[in-house]
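Each of the next two complexes has chain A plus one more chain, namely chain B in the first and chain C in the second.
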Partner chain A sequence: MTSITTDSPAPAIAYRSLVTRRIFILGLLVGLLVLSIAVDVSLGPARYSVADVLRTLFAPADADVQMRVVVWDIRMPMAMLAVTVGASLSLAGAQMQTILANPLASPFTLGLSAAASFGAALAMVLGVALFPAAISLMVPINAFLMAMAAALLIFGLSTLRGVTVETIILLGIALVFSFNAALALLQYFASEQALSAVVFWTMGSLTKATWGKVAVTAVILVLCVPLFARRAWALTAIRLGEARAAAMGVPVRRLRLEALFLVSLLAAVPVSFVGTIGFIGIVGPHVARLLLGEDQRFFLPGAMLAGALILSATSVLSKALLPGAVLPIGIITALVGVPFFAALILTKGRKAW
Partner chain B sequence: MFFRFTLGATILCLFSASAFAAPITVTDIAGREVTVEAPVNRVILGEGRQIFFAVVLDGENPFERVVGWRDDFREAAPESYEAYAEKFPQISEIPTFGGFKDGTFDIEQAVSLSPDVMIMNLEAKAATDEAGYEEKLAKVGIPIVYVDFREQPFEHTAQSMAIIGKLFGEEDRAADFNAFYQEQLTRITDVIEAQSDLERPLVFVERAGGYSEDCCMSFGNGNFGRMVELAGGKNMAAPFIPGTFGTVNAEQVIASNPDQIIVTGGNWEAYVPGGAWVGVGPGSDEAQARAKLEALMKRPAFTGVTAVETNEVHAIWHQFYNSPYSFVAVQRLATWLHPDLFADLDAEETLKELHERFLPVDYRPGYWVSLK
Partner chain C sequence: MVTLQLDNLGARYGRHEILSEATTPPIRGGSLTALVGANAAGKSTLFRRIAGQMQGAGFARRNGAGAEDLRYMPQDTEMNAALTVYESIILALKQDGGGWRLSASELGAVNDVLARLGISTLAERQLPELSGGQRQVVSIAQTLVSRPRIILMDEPTSALDLYRQYEVLEALQSYAAETGAVMILALHDLNQVMRCCMTTIALGEGSILATGPTLEVLNPAMIRRLYGINSRVERCSQGCPMMIVDGPAEGNRINV
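Let's turn to the complex of A and B:
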């Protein structure tokens, strides 16, 4: 009896210290991300000093033309696109895992990236524009339209009666295989020039970065995040199991459809700009979950920060590994990220999922 | 097995038209000794673009011997295909086989065309061996001969040409071409080698500039990278690209500050409609090509670069890399890089002479353009 009364303030204290710890971890992630962006912007074959880069950043008008172009038109868009794309893909993966209750789910499990690759290849191999009005943006628009078509197909099928979470995932896998086969067919008939363009595209690369693309991805993030944040507790509840969430008054079905739509948008746009960078969508959320747990108030920003940090650090690494050349970033994300991820899962005592 | 072989051989003998055919042995580029009944009358080309060499030997009717080819000529070099199709309409009826990849063909179809020989590219050997095609074809008496105009063009072109000349029974014609080829190539290499203190300008070759949104696809030591070195330049991308193909960081162009920029181009309307590529090639629109080349130089990677400031910016036909005319590209590059050393050399004259003496189609200008 006495022991219980003396212990009664403990859960509150424990909760408060847990929250403090999580806020601290989020702060740490922000700090690391800022550091990574700084290194990304100051690193490059043109070997400018950090002081020069800083001066160009804060007073671009005074800098010499070449330096301004390098910092503002080449390095900054790439560094920023790494952040927005990393955050978008990771957020998309996080919510996909949440609503589908599956640790393997990511936008790519549902065939979105396969569909985008197919759309892009359609443009690069056959010169087919799905939206002929903007021919200069043929590749990204094709990729986006295909990815959204795949997403809407899944979306439409999941509104049917009797469609469970497992069915959605299986349908997604069916889409992955169909689009991969269609892509392989296109590659088989492609000329050498077109083939190498397709292969390079599917490896993912930040070299196509422009300020316009940074803006588009940022706007989509800014629109999606509040919508997810408003549903934060409901999404947390869904992780306890569909039945329990429903008992708590969460409209599980509607929530899942809404999230599915937002996730499609979050994944399709970055993929159409940078190509396939599949790893972030799975690993970003898992890193956040291991560090911060399931509570969406922390999990949501954590997943975005983790994704952005991974992609930004990868961008730094790709410059350091092969200075002067461009190593497709999709290759490095997986090669470097996987050992780190495995170490994190294996050393962490508690269950990863 | 022996029975099948003799049966196949007998059938082939019955169908082989020439009564003069006698077995000869050639050593191909892969170092294999192959016995072929020559001169051959029915040939399968393992790559459609091998026709570039076949036409040199069979000026009158270059497609008479060709009973089948891989369907890549039309795709990869549309302007050349059209020029040939205009003069020899029958080329659209030559059976094509397989996909566009090396070494992927339907062996049954190949056998049914009953060729005297199959001429394959060296780079297809791995795939062909993998599938065991060589043994299977040998059983029905169809030999494979490997040639190479692509992997090591400047080492293997003359040798490959001599081999095909032997097979076709046109050895004199092959020797004529080889003499011309050597003569034209040494006009550059001899001069470059003779310079004791040659200043090699730094050259950035942008592969298929404007083909995709990304900047700065380039070449390592092979291909156009090699041609730049032969022409007395220094290939800017060589230290950064380990293989033949790769992409350099846009910023590297600014950092390296090349003296000359060469963009490879071609008519890629079929793949990138309305794209930013420079459409040089036979019969191209020069004014349009120049305008597109100028537009490409406005991208961030070329800001304030010496080559752009001094207008040392050129575009050249991308297909030079896999055609027998690559020595002409070397000449053109050399005259851009060292105008003083090669003041008396006109690459266009060489290209014209090549057409007049060896090719069945007429010369049409437009293979290059320069901002100089």
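Let's turn to the complex of A and C:
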């Protein structure tokens, strides 16, 4: 057959080296994450040397009691919660962007974070519990229920006939504005003490981390990841366009609903624990996309690693920027992340979003 | 030999009936079949109906091919995913099932389809960097990589330059001849149809008006009925039939 292009010898060889490169990048991300966790654990108001902290980590029985408590009960839960929350939010954002074919989709832009803030504020300002629970759990449970309600509203709407991806995005944006307005109204009537609690909550913070919260977020990840992994090829195909994916035999509608449900869980739980950390859900997936492309075999772990790494590194920065103080992490993610993100997008200069 | 026969196929969007009683004799594989008709005649609808993406009356009877042997290539759309051409073709191959690992034969199938369509040099390019024409050929590669036996393609050459049109149609012809596959292409260029397609299905007035050897179906009367155009068929210097347009016909245009 004649051809106007000359055939390169073996595209498969080039592809294999691409795969090798991607596995290497994933490995690099894992390495950086481990490093970031180690630094995160060694930083804090009580000044311990890195060596002491590592010794306490690997041989807790030999360490003194105070150090063991600080490292194992305070710093480790915070460091690990940064990892699980970062991974969850980033994975949620990645799959929202995939199934909604929109680079701006994330738990933040679809109103889940705003709904959670409103739920939390209900507890803090009015003392309203949406579900009877212990006082200490009222805020996260309220936040979770509102976030889940917002997610299920979007989910329910997308099961209706004739609802397009654009409609879902627009409804999400409408939700953001509605919940923000409701939140502002609560703040307007709030006492000074409640107001500062609400403001602090919406800034996002890892300081209330416990092993229980780490476990809950980790379990949800462990449940959701295999379900996404099994549909890796179909999810990737959706990014070629709905018509093309359907022509390849992908049950687009069903897959979108399943993914939307999982994403709701993945986003609502972390948000209810740590407050509004909007940035991760958008940036994590974009970093993974730029580094690894959108083949879900690499994109899925890549998005989780990128999100975990960004939030963990942010946790380090939040302690390192002002000695002795821990800045709210939601602020740092945006302040530090945005310039980095802009640089990445502008220098890569690809046409893919 | 694979055959496809349409038996009283119908399709509707809500109350609006697009297609009814679309019937053909068995369409034989091994060569190209054209699907012609005016804009909005229901060509894409007919394809979607055959591919099982739409419900409706009637049957598309496949002989010698299962449902998994059928591939439908929709009309050209954007592809803005961060995937290389090679990855996008693997993806099409992997939709039939299988895990995360790629076998040597799967990689071989991708190499083969790239070479067949003359786009091996595009393998490492990112999809969003492709031109419209390149994207269309990649789309064809995605459709053929699983070696389907019934193939429906919606305007596969609409974005291609003159040379590439014939190069791609030649590649499709040789694919059909090698595999005995039924290949139905929705085409607008009737000269392409006359040159490359043995059989033609004429779609108009909400149904199939004729199915048969291309030159018999595409007679001046049928072309006037389908498109409202006066035309005649002449031979080029190589003996190839060509349609010459003489101008619009008066009052014969189908209302669609």
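Keep in mind that, in the parts below, the second predicted complex is superposed on the first by the 339 of 353 C-alpha atoms of A that agree within 3 Å, B and C clash if a C-alpha of one lies under 4 Å from a C-alpha of the other, contacts with A are read in each partner's own complex, and residues count from 1 in each chain.
Keep in mind that, in the parts below, a contact is a pair of C-beta atoms (placed from the backbone, for glycine too) under 8 Å apart; a residue touches a chain by one contact, two chains touch by 3 or more.
Given the structure is predicted, the values throughout are model-derived calculations rather than measurements.
In the superposition on chain A, contact of A:61 is made with neither chain B nor chain C.
Once the two complexes are laid over each other on the shared chain, residue contacts for A:133 go to neither chain B nor chain C. Within the superposed three-chain model, A:192 lies in touch with chain B and out of touch with chain C [touch as defined at top].
In the superposition on chain A, A:74 contacts chain B only, with no contact to chain C.
Contact with chain C, but none with chain B, is seen for A:237 once the two complexes are overlaid on the shared chain.
Contacts of A:160 after superposition on the shared chain: neither chain B nor chain C is touched. When both complexes are overlaid on chain A, the residue A:15 reaches chain C alone and has no touch with chain B. Look at A:346: by the touch rule set out above, it reaches neither chain B nor chain C.
No residue of chain A is contacted both by chain B in one complex and by chain C in the other. Residues of chain A that touch chain B in their complex: 44-47, 65-66, 69-70, 73-75, 124-127, 129, 135-136, 138-139, 188-194, 196-197, 200-201, 205, 207-208, 319, 322-326. Residue ranges of chain C in contact with chain A, taken from their complex: 51, 53, 68, 71-75, 77-84, 86-88, 90-92, 94-96, 98, 100, 107-108, 110-111, 114-116, 118-124, 126-129, 139, 142-143, 163-164, 167, 170-171, 174.
By the touch criterion given at the top, residues 1-8, 10-12, 14-16, 18, 229, 232-234, 236-237, 239-241, 243-244, 246-250, 289-290, 293-295, 297, 350-353 of chain A touch chain C in their complex. Residue ranges of chain B in contact with chain A, taken from their complex: 72, 75-76, 99-101, 208, 211-216, 239-241, 245-252, 254-256, 268-276, 300-301, 303-304, 318.
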